[in-house]
Structure formats: structure tokens, C-alpha cells
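A, B, C and D label the chains in the order they appear, each numbered from 1.
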Amino acid sequence: MKPFKLASREYRKQDTIIEINTGDKPILIGEGYCTVIAGPCAVESRESYIDIACFLKSAGVRILRGGLFKPRTSPYSFRGLGVQGVDIMLEVRQLTGLSLVTEVMDARDLDVLYDHIDILQIGSRNMQNFSLLEEVGKLDKPVLLKRGLSATIEEWLLAAEYILSGGNQKVILCERGIRTFEPYTRNTIDIGAIPLIKQLSHLPIIADPSHATGKWQMVTPVAKAAVAAGADGVMIEVHQEPDRALSDGKQSLTPENFLDMYEQVAKVAALNGKVLN
Amino acid sequence: MKPFKLASREYRKQDTIIEINTGDKPILIGEGYCTVIAGPCAVESRESYIDIACFLKSAGVRILRGGLFKPRTSPYSFRGLGVQGVDIMLEVRQLTGLSLVTEVMDARDLDVLYDHIDILQIGSRNMQNFSLLEEVGKLDKPVLLKRGLSATIEEWLLAAEYILSGGNQKVILCERGIRTFEPYTRNTIDIGAIPLIKQLSHLPIIADPSHATGKWQMVTPVAKAAVAAGADGVMIEVHQEPDRALSDGKQSLTPENFLDMYEQVAKVAALNGKVLN
Amino acid sequence: MKPFKLASREYRKQDTIIEINTGDKPILIGEGYCTVIAGPCAVESRESYIDIACFLKSAGVRILRGGLFKPRTSPYSFRGLGVQGVDIMLEVRQLTGLSLVTEVMDARDLDVLYDHIDILQIGSRNMQNFSLLEEVGKLDKPVLLKRGLSATIEEWLLAAEYILSGGNQKVILCERGIRTFEPYTRNTIDIGAIPLIKQLSHLPIIADPSHATGKWQMVTPVAKAAVAAGADGVMIEVHQEPDRALSDGKQSLTPENFLDMYEQVAKVAALNGKVLN
Amino acid sequence: MKPFKLASREYRKQDTIIEINTGDKPILIGEGYCTVIAGPCAVESRESYIDIACFLKSAGVRILRGGLFKPRTSPYSFRGLGVQGVDIMLEVRQLTGLSLVTEVMDARDLDVLYDHIDILQIGSRNMQNFSLLEEVGKLDKPVLLKRGLSATIEEWLLAAEYILSGGNQKVILCERGIRTFEPYTRNTIDIGAIPLIKQLSHLPIIADPSHATGKWQMVTPVAKAAVAAGADGVMIEVHQEPDRALSDGKQSLTPENFLDMYEQVAKVAALNGKVLN
């Protein structure tokens, strides 16, 4: 018997489709759709964030990423604007109509974020932060649950189970690479996890080729591979000037490269009968 | 400076295209092509091998796989027909015109295999069997070099370098999954290795979704992902009755599933501008 | 240049010795000492906890472990007594004079735990829960920082750096096994990490052979190995009836096996010139 | 049921003790003994090999290592003196009475090596070179079988099973570190494998702290740990001038450091009731 219940395909045969209300036409995430989430690693300044948001909106993107609280390996690295950045995100949302996703690292920040953020992201380092999982499990807000660096498929689905069993059914899984012995890339994307999750669970699954590879040159081929394997979308880091990014510059696409990636992913999605949104 | 030379993109900017002479139209392996190699894990009997070969030929496949010497973890498992199977392969080749690939585990078998086999496969367990690499490096025969279970990209290219520096320029790399902590699948396919190899080297690279996943249900999505990521082909295990296979039954496609896989991979290849052969 | 500063041997040449005040003779943790921490995985009931505490005290142990908040992979497993268990720990402390270590999973529990617990443990799943690290960094209380399942040595020392840079210099590192491909054991203990940490850092390091192996039969040899390699102590799970333990029974020593382990570890410690405490 | 038979503790309850005939007092390898094998990574020249051999003999060592055929990742690295080095080894053996161990990479070299070498080593890269395992399985000569870089305990014992089932009962296992994500050390020694092998099998097991760590500073603590965990010996790389070694210099002990290591290991062995030889 599988240890996860609510997350299992046996419990719910039909694919879960998560709806993001936008005022306008809702965004649907799950089987049959291919959702492209994009944006910079971190919100760095009001100007640059508005600028990239407008570009992405014009390209057709409907969900904008941007980190306020950055989990950095070293305490001496740039760790995000924190609560001060919320106003910037809010302004961009009003200006562009884009939906927002940002990472939450501490349950005590949920009060501030809840009203302004459309999707709460749980990062890979917090995939087994069970206190945090329980808190977002109590909310009525989509949660993007990244796979832990060395989490098995079963542990990942059990982390989802923490959220589902708390009452929140809106969980989106995100494969973002696992840690292996290979030093050339930041992580190793586990593409097989995508069809496996589709078989074991009814939950939507997307991929994050930026973190999975750590190299912008690999982002487009890996994004296409993820969608070809059945992913319900991709999350992509984009920056106007990757060389000047305060974090993750090496894995960020320029606007130009983003457009090329978007076009190619759209074709693969169409081949798999998926509607881009 | 990179430790590999002859295998590097710097040494040879143009993609290496390997030609398999067939009497008929040659088979080309490399950038711009998508080569589907298929067949059973092992040659089990004359009848079954002829049968599956005829099916694959009718489906459009031009290169047939089939193991004579099987590297098995346990000495008590079925280890292949050995030299006795050569006649069966030869008969099938004459009958169908298919080209043949089989694994060589011992330099002393090269004499027997050389005349009858079109591509010599070096298995993952022998990727750093340097004596064997040196021997196939002396031959004028294409070598399919599988990545070792825990080989880094650099070690893999250095294994290719052993063959290239011996004088044999016809090396085809094959990503077949690496060993990670994940227990659900047999191995974890490193899809990122495909664009990475394309960047670092001029050599062709194909993928083996059967060994990489160990589960037939995952073979088609992973094959599509590999080709979407830029692979120059796939190698697929097919068996008339996977449940009765003497080895690798769980990862073998039935003829029916093979046709479905083939059709889908063809579409992804076309999207990437690759000619199927 | 190394990315960690306050944790580095260059910053502080002298080994850090952490003092646990006990009312009686203080307990010293660090180079020159071998500290044996023991107790059940979780506090299960008042009676059983008093019982095992008295046994361990009589054996010479001075620091008692016992989980109140258990980070469990599945939400359906026993997750500890929580805050209700604090009174039991407190009673045992007063009764026996033993010092206490317990895991903290949520910054909001620190208020309750601070007064009653002598060492706060950060578990492996929270090694990069940076919010929690920052909170314990503000306290004047020893922190036992377990290595994450797939944390590199550098990431581990940077997690310590979060605590040190917050102002708390009392960090004890704990090697508890890393995740590898090997399925026979729960984890693979990285014994080499012990001399490596001693070279790179001035902080004390102990080992947790119970979690590292997951099998009680391996606990004694691995505990001896850790101390032979230079560890400043070991943390051992002990249970009166391992078969009935609510968690981690398979890796818990019986009292009888504990005594044998203790005697053998004491001899290895003496060989390395370490005072048992 | 376990897949290995002849290697299992169930098949043979009594520990296997392997005897190396020396003309003089035989060397015994297995439970109850601690055998220190030492020498340079490779035989580099007649003079240096005689020199280090005399030093090691005077220190009490009875088995000398030295590679003739070096399995190097790159074809451009120093790959050993090959067959030409056999005479040097032979001369040193006659001069000093030391027994010899060297790696065999190719079955075709066995004829030359058989008469002059006391223990044939199968390196980690060839642990699943089944042709080679079968060949040494036919001989009446001890085989030192190193664990593959990413071999599970079960695969390792099945590789031993290949040799045992061929008729050669003289197999010595050697833990030499596995490949993990940790970049600080060359490999991660799996100390837990030692008590595990003792439980699962009757075969002797030794450790190779030099290859396991890749850093000479870690060799002594890891050697002590291995013996504390129950290893029947250690194999240590020693070089007069590590900085000038043609291979593995960074992990080689100087003669002075070797003496210190030897003395400390001897004490741990005595604690475990093991006779040094």
C-alpha cells in the first residue's frame, strides 16, 4: 500500500485542475494545460520589476515569479527585499494584471503575503519544514511545492499530503532537479519524475529548468523535454541583464532568449495536446 | 582547460555524423537525424528474434539490438547465448537487411563479432574498462559508448577519448540513466546531459529510456523528452511478450506500444528538424 | 577563500569548548572530551521516560535526549507529544539532574522550550531552515546542528555561520549520515566528515550512529569508528523495548546493548586522549 | 532470500581466513587479524620501489602494493610501467621477502602476473567486469575485490559470488569509498559497510583510506575508524616524496606519517582483539 492517500491517483482518479482567479479569464493549471511562469529570481527594484513584468505580459505570460525572501546558502549573500518588496509586487500586479508567485520561508510572513500573492511557493529546502506545510495547509490558496534536493518521489508526495490533509487541495508540484554526483550542472533534473507523478498522483506538476540546470544555455532544451514528458508547465528565470542579477544570473534567460524558449515550448505543448496559458 | 581533446567541440566544430553502410541507403547517426534502434534485451531464440526483427523492419526501424553477452549482476541469472547466438544474428541480418548492434564485454570476443556486427556496444559497467576501450579504439567500426552508472560527463568524454585517441573516430554516446538515491525507478535519466554533450562535444548522443527508467510505462514520455532535448536518437527494448522475457521484461515495450512510441517520437523529431532513420 | 568565516579554523585557531551548566560539575563538549548523549527517539510517556533516564544516569550519561516535536515523513505517523511533553522533560530533569536536548522545529516553540532545555537541536530536515537558524542565533543557548541529508560540508558550515553571525557561538555539529544510493542502511555515515570538520573548523562535532545506520546492530561499531576518527561524542537512541517504540525502534539499543557500547566507546575515547563525560 | 549464496554468512558460518604463503610465517587475513598493506600507488622506478619496500619492511609491513597497470580516467595520464614493471616487483620480492599485491585490468595479463604476484587486485572500475571476474575465479590465488564506485553492498557481494562460484574461495573485500554529492573529498568512505559485510558474509574485509578520502591528512583518522568498526586491515598509499608522485600524491603518506598511522592503528586493532600482521 502506498503511504500517501489524498495525493494518490487511487483516491482521486480525475486530474486536479487548479484555477487562479485573475478578474479576467482564469488561469488553469493541470493536465491539458501548459502554464509558463516567468520572472526574475528576486525582486531587485521597483523599476526593473515593472520593466520585466511588462515585457513578460506582452509575451503572453500570465503568472509572474519574484522572490522577496531568498533562502541563500550563505548568510552574507543578498537575501531579498523582504516585506518591503511586497508593495512593489502589489503595484506590478495592479499595473499589469499578472498573477504572482513568491516563496514563503516563515509561517509568520503568511499574514502579509496572503492578500497579495496568488500562489505561495514552498522552496526545496523547506519541503520537509512540516510546521510550514501545516500552516499553508490551513489556507485557501494554491501552493507550489518544490521537490527537496534529495527527496524521493514518495517523500515529496507525503509532503503534499501534509498540505492536503490540512484541508488545502490546491497543490502544484514542481520538479527542480535533484542532487547527484555530477558537478557540471547545479542539479540533475529528474525528467522521469514527471510521468511517474502523473501515474501516482492527480496533482499538477511543472518543471523549473533554471534551477535544475544552473546554466541558461540548457534551459530551453530542458524546458522542451519537460513538456514533452508531460509536464503541465514550466517556471523560468528571466532577467534583463543576467550578468548584473543579484542572484542566479547564470541561469537566467535574457528577454530575447525567453521569447525563443516560449515559442519552442508552445510547439511541444501543442504536440502533447496542451493549451498554453 | 578541458581534459578531453579529440572529443571536444573545440577540436572539431562540425558535428560528427556516423555512417552505417547497409548495402542500401546508408544510415546516418548524428545532428540532424533521429535514429531509432530497437530490439529485445537479449537474443533468446532464433524464432523469436526473427519474428521481432521482421516486425521492427516493417515499422521502419533500421538498426536492431540484441544482446549475446549479458552483463548480469548475479552469476546465476541468464547471461545470454554467447557466441552461439552469432549465427542467429547473422541470419536475421541477411534475412531482413537490418543493421546490428550488440554489446561486447571481452576483447577476446571481438574477432568473432567484428565481421557480423555493425555497431559494437560498450555497456555502462565497462565504460572504464580501459583495456576494452583501447581494443575497440583500434577498429574501424562504430562504437556505442554507454555512460557509466556513476560517471560524470567529463569521465564519459574521457572514455570516448580513449577510443578516439586509438584512431577510431566513430563514437556514439548513449545516456542510459545514472544512479541516484531514488528507489522508484531503476536509474535516473540525466536529460540535461544531452544539451551539455552537444555543447562540449561534436559526437552524436542518443538515449536509452528503457534502462534509464526500468518501467515500460515511462519509456515513451522519456523517449520524447530525450529527443525534445536534442538527442540524435533512442534505443528501445521491445519484446513480443515482455512477461516472458528472460531479462528486462518490465522495461520492454510490446510491439503495439512500440508503434505508439515511434509515432510520437517522430513528431518530436520533426519539430526539432531531425530526419528519422 | 572559504565562504564561511566565523566557523572557520582561520578565524579561531583554538577549539571551541561548550559548557553545559548543570548546577553540579559542568559538562564540556569539544576537543579533548567525548560526550555520550542518549535517550529514546521520542518522549512517549512519563513512566517510560523516567525509567530510561534513571537507567542512563546510573550508567554515567549526563545528557538525555528525547523528542517532543518529531519531524515525520508522513503526516499520519506519531509526531510526538508536543508542548504537553515539556512537563515530563522538566520533571525528569529535576529528578535526575540530567541535562536535556530536544529538537525544535518551529521558532514559535522557542519560548516554551528555552527555559527547560539545555541544548536545542536543529534536525537535518531544517538545516537550511534559515528563519529558524536566525532565531536560535539570537539565543544564548547551545545548538546541536545536524547535517542535512544531502548537505555538503560547506553548506553545513554555512548553516552554522547563520547561527554564529547572529551572535550565538555555541554550535555543536552532528554528523548523522547522508543520503546515497545504498539501500541496505537508512543513510551512509560520512566518517571522513569528522577529521575534515576538525581541520576546517573549531566547532565541536559529534556523531549520531543511530540515525546514520537505521540498524541497532551497526550502532556500536559505527560509534567506535566515529570516536576513533576524532568525534567529540556520540548521540545514541536507547529504548527499554525497541520493538514497542513509537518511532525508530529498529535503530534503538536496549539498555544492555547500550552498556556494552558505552564501555567500548570509552576505551576508544581513552586511546584518543579524550575524557568521557 | 538473499541473491548471493556462497558469499553469505548462512552458507558459511565460520569466518574465512586467507593464508598468504611467504616461505616464512604465513600471513593470515580475516577476522582476528589486522593486515596493513602499504606501498606506492604505482611502481615508478626500480630504485624508488626498492627504497620504499625496505622502509615498509623495517616498519613491520608484510604485504607491498604497487600498480603496474593503472586505470586512469584520462588516456593522457601516466598509466603505469605495465609488463616491464614485473621484473622490478619480482626483484623487490626476492630482496625483501615481502608479498605482493597488484591490480589486474585485463585477463590477458594474468599469465605474466600469476607466478609473481601473491594477491591479484580487481579495481573498483572493474568490479563488474564479469569476464575478468570469471578468469580470476578459475585461479588458485587470493583476489582483493574493491567495491565499485556506485556499487551497492548486494552488487559487491554478487561480484564476489562470480569469483567464488568459479571455484576460487580466496576473496578479500576492500571498501574504498563510494561516489556521493560531496565535493570536498575524492569519495565518501562507507564505514557502515564494514559491520554490514561482517554480518552478511564470512569474507574478510579491509579498507583503503587513501582512495576513500583523496587527502593524506584524513588517512590516519579514517584508517583508525575502519579498524574500530571491525575491518580486518587497511591498504595505505605511501611515497617518499608525495609531491613528486606520478599519481595519487595528494593521498599518499610520507614514511614519517606512515609510522604514526601504523602505531595508532595497531592500538585500535589491539582494542578490538586483532593481531597485527
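Please note the rule applied: contacts are C-beta pairs under 8 Å (C-beta built on N, C-alpha and C of every residue); 3 or more make two chains touch, one makes a residue touch a chain.
Because the structure is a prediction, the values reported are computed rather than measured.
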item: Winner on C-beta contact pairs when B-C is weighed against A-C; value: A-C
item: Identity of the chain that, by mean CA position, is farthest from subunit B; value: C
item: Whole-Å separation of chain centres (CA-atom averages), subunit B against subunit C; value: 49
item: Distance from the mean Cα position of subunit C to that of subunit A, given in whole angstrom; value: 35
item: Per-residue multi-chain contacts in subunit B, two or more chains; value: 150, 179-181, 183
item: Residues on subunit D engaged by subunit C in the complex (per definition of touch); value: 150, 152-154, 178, 180-185, 188-192, 194-196, 199, 212-213, 217-218, 221-222, 224-230, 267-268, 271
item: Sites on subunit B touched by subunit C in the complex; value: 179-181, 183
item: Footprint of subunit D on subunit B - complex, ascending; value: 3-5, 71-76, 105-108, 125-126, 128-131, 149-150, 155, 158, 161-162, 165, 179
